[in-house]
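Pasting the structures here.
The two complexes that follow have chain A in common; it is paired with chain B in the first and with chain C in the second.
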Partner chain A sequence: MDIQFLIELIINGALTGLMYSLVALGIVLIYKSSGVPNLAQGAMVMIAAYLIWMFAHLLGIPIVFAILLAIVGMFLFGMVTERLLLRKMVGQPIIMVVMLTLGLESLLRGLGPGLLGASPKSLDLGLDMMPIIVGDVFINREYLVGGIIGGLMVAGALLFFRTRIGTKLRAVSDDHVSSWSVGISVERAVAISWGLAGISAVAAGAMWGSVQGVDWTLTALLFPAVAVVILGGLDSIYGVFVAGLIVGILGSVIPGYVDPLVGGGTRDVVTSLIILLTIIFRPHGIFGREDIERV
Partner chain B sequence: MFYRLSGIKHTRYASSRALWPVTADRRIMQLLVALALLAPFFLSDLYLTSYMLPWLIWTAAALSLTLLMGMAGQLHFGFAAVLAIGAYTSIHLTRAGVPFEFALLGAGLMSAFIGVIFGAAALRVKGLYLVMATLAMQYLVEWVIINVPAISGGAQATLSTPDVTFLFMPLQSDASLYYMALLWTVVVTLLLLNIKRTSFGRALVAVRDKDFAAAVIGVDPVRYKLLAFFAASFLGGVTGAILAFCYYQAVTPEQFGFNVSIQLVAMVLVGGLGSVIGAYLGAGFVLLLPIVLTNVLAFLATYEWIPISFNLIAHIPLMVYGALIIGVLLYEPLGLAKIYDNLRKYFVVWPFRHTQS
Partner chain C sequence: MQNTASQTAPVADAGQPLLELANVEVIYDKVFLAIKGVSLKIHKGQMIALLGSNGAGKSTTLKAISGLLAPERGLVTRGALSFQGQDMLSLSPPKRVARGLVHVLEGRRIFEHLSPEDNLLAAYATRGSRQRYQELKEQVFNYFPRLKERARSKAGYLSGGEQQMLAIGRALMTEPELIMLDEPSLGLSPLLVQEIFQIIREINKEQGVSVLLVEQNAAAALEVVDYAYLLENGHVVMSADAAVMRENPDVQEFYLGGSGKVDYLNVKHYRRRKRWLA
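For the complex of A and B:
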């Protein structure tokens, strides 16, 4: 029970949490503009990681260009998904939309490993493997880079919403009909937000792929990402940042002390409890907008 | 034409409220029941135990979920956990010497009580948040089962079911297991067919359509939501026990994982939300079609008629499953039951297509 162990858990947890935010950001972007909870975001992260791996290791393109190509690919993938699948579901009950994204998740989870091989692949971003040592605390370098990129992506998303397209996206997230009436193309805004979710999936895929290897287990990132999204509020970008930190730290500190006592696996329990308690006590999350329902 | 409507004139309320007023529907039902009863005599053991049996049991599970999702409108993404509670309770009860009949009841009640806790925690929310809450509870139940050795028998353990008798009929032969599953599925089916005609079912539908509006007309939404969770979880628990005893015969926590929950929801939705025949069609579709398609592809691949790697074949069921869900949701959001209904409506007036039926 020394203080160093705790500090190490907190720092690494916070960095992991920011990397969860990378996955969660895509869900929030899509939910904010179209009200679709994209449960296929984990699978999109996996596909993005497979794309980077394919460009970099199969075709031998330098990693920077591989990531750029993957960004273009995933942006298009997001737009096409929206055009072909989700646009037809407008006006359907929420359960249908949820199930559609889950179907997409299964499809992608079969497609990536099926075409490119199921065995875990290592994705080398050219990062140094040596941990950084500050005082007596070990910090994983990949997590540090991932955490920084997570923070930058959230900041970038916040700045993006100040631009001209971003303003349109905010209008669309407020109200579809009134956006139409002032000449904003809601369809295009929703498609762009899907493309942006594809880009954030590339960032998440690159970082998580380099941390834990590229295979189907990347789709399991959906669960902590859902916890981040629920805790932060489904339509809040600030929420992704703050809730990412909270989920990451709790999911690192509590298992750090409890796992030796009960025999492992508490991280999922902590994540489940975060989801459950948030929904019981504050369903719309810390920063989310409360829905008002009329009969 | 095939569903002749002439001569069907209701002179009493009882006849107009019959389940199948049209003679042809009744005949089809009689034929299906006869086929189901005679299945052990004309189907090979392989088909009986690896296709018919799981199809029936998963139909019962999908029907239990239909009661909750289709009629009461409460989304549940943790139903595999409910099945798991039923399966483990029944095994531990029979191992402790309780007769199988009471173990089934115990399994149902245990699931129902824990299921009501699910419901109570989720009372304040609906829609997407309910999905997330039940999903979280699925993980919690799974974790408890895996990490409490008294329940699962250790982390990697499988728990095999003891030999039991049901109403003095020993459940060992394939045929007896099949009849047990058939009996339970028929019971659940009859229950669901009739529940819409009771005040309880109508109250559930009122709560589903709008809970505030239901409260205005004097239906207590809290009470009926909890009752729906109780009833569906009871049915789910017994189904889980039947699943463990008749099909798996050795249970591990992985058999009741998150993916199974998703599969159950897929069965309900692909079949058609709230439809009884849809549960049958959806369970068959989600369970059997990927197997059949994979067998066809594997057959083609072994003769090298199509170039395809074995890694790809291993992943095709997952892809097909996902693509089928997407396809049905896009093409017919009301599910397979609606497709059957369209066919039936077509044949009601056949060959006069433009007549109003």
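For the complex of A and C:
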């Protein structure tokens, strides 16, 4: 068997996986502080990509500043979403909130292409397109940058949750009423987590927009991201990192060998199987927390 | 606010009370009338008990004060609530905490997945100084040395007593003027209850923090407080100095286990006849 082919699949799979982690991170950030699985995260990535594209290509702002503006914009977008939609849902059954995020995702998916045209826009981050060649292994440069950014974002999130505000967010995810009782503003904590999810959507939107162009298909990133958060555990930042690697590598290696035999499309099957098998055999994921039972 | 001992003696109606409830009425779900016009006062430095049996409205009264009725669809429909002369009813729960009013919930409700140390950090003001945080943390560890030993383990795995200590310590991190404790004795051994009540009394004396203690365990509570209110069916039916309360024959009969030779068969019956309906 061609070992180089395998190594190439693994490395590029791992990098793709870390780019899935970028999308998944937003879901975990929100879940960790409010217990809401945000199904609109894929759409938020798309909106973020559109924002960068608008700033950079319509207004001609240099790409670095376009991304910074998008970060501000998406942070506000997250905060406003909490304020206008989520706050009304306090005390409602969780299924209602999930449906709300699903509604938000459809709305956004329609809104972006509706206003800006459905044809894919290319987003140029100014990255060199030439693959890096190590030995005989080809590494996609964009995926390398994306993977590194994914790793950095995860590290940043880990550090954030050790700060005072991060600790308050973890407290909120533990117990809303008890957080109120010691003066933590639950509403503000949840708003901050939505804002941060908006920021991580910018990182994801920039990288994925650059890789596959900006159009509604970016919302489909929700699917691998959901696989990542389910496998890693909905409330675990470590989980996002490790599960991102696993989903990426399996989603690259298996199709690499099987696709030529069956004619393609195995990646989605692999992703679905990861979701199904995790839910059956380890419902809280690899690192997700179990409820504490004191004996 | 490093006030020391002196002012813990029961203060008579001198000056403006720290906390005042006037005729407060709470309705749950728009239909269930839980407390029906409760009035009470707490002066600075006082330690007061709010006694009563199950369902008398003790917890509801505390939640009305701290603003935590909303998650249970409760609403203060009548009456006034002032703290340090300011109206509290219009403020959100976190704002009330910022004014110096903190509520230790029934059943402890610590942040189970956080370490005890992070529990303390989470309760400390976002904008407070690092140094003040360290001071407050040391203070909590001084009162509850056992928490220091386990500062980095998961709080959910602490024993019941330690969790109660953590809940109280966490409340102290908010630098309160008034700390309200809902059934801190719940599920703890009598010895531990005594220990915790003594520590609460020490905190009250040394820090000058006023205490409102809600208890079903009237005997233990009356040992440590200055003054007590007795709640039944959503009404205050009696209020007196702790010593007076202890000597009252009805209180002895119903809340302190009688004079020793209680005829349990007839207690319920007797009680039904002698309801303190105001």
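By definition in this document, the second predicted complex is superposed on the first by the 290 of 295 C-alpha atoms of A that agree within 3 Å, B and C clash if a C-alpha of one lies under 4 Å from a C-alpha of the other, contacts with A are read in each partner's own complex, and residues count from 1 in each chain.
The definition used in the following text is that a residue touches a chain if its C-beta (ideal position, glycine included) is under 8 Å from a C-beta of that chain, and two chains touch if they have at least 3 such contacts.
Quick caveat: nothing in here was measured; it's all calculated off a predicted structure.
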item	value
Fit or clash between chain C and chain B when superposed on chain A	fit
Touched partner set for A:289, first chain B, second chain C, both or neither	second
Contacts of A:122 with chain B and chain C, given as first, second, both or neither	neither
Chain B versus chain C as contact partner of A:170, first or second or both or neither	second
Which of chain B and chain C A:94 touches, first, second, both or neither	first
Dominant toucher of chain A (residue count), chain B or chain C	B
Chain B versus chain C as contact partner of A:273, first or second or both or neither	first
Which of chain B and chain C A:183 touches, first, second, both or neither	second
Closest Cα approach, chain C to chain B, once both complexes are overlaid on chain A (Å)	15
Shared chain A surface residues [contacts with chain B and with chain C]	none
Residues of chain A that touch chain C when the two form their complex	91, 164-165, 167-168, 170-171, 173-185, 289, 292, 294
Complex interface listing, chain B residues touching chain A	69, 75, 121-122, 124-125, 127-129, 131-133, 135-137, 139-140, 143, 146-147, 155, 210, 212-213, 216, 262, 265-266, 269, 273, 311-312, 314-326, 329-330, 333
Residue numbers on chain C that touch chain A, as the complex places them	66-68, 71, 73, 92-94, 97-98, 102-105, 109-114, 118-119, 121-126, 154, 156-157, 170-171, 173-174
Of all residues in chain A, those that touch chain B in their complex	37, 85, 88-89, 92, 94-96, 98-100, 102-111, 113-115, 117-118, 223, 226, 230, 234, 262-265, 268-269, 271-273, 275-276, 279-280, 283, 293, 295
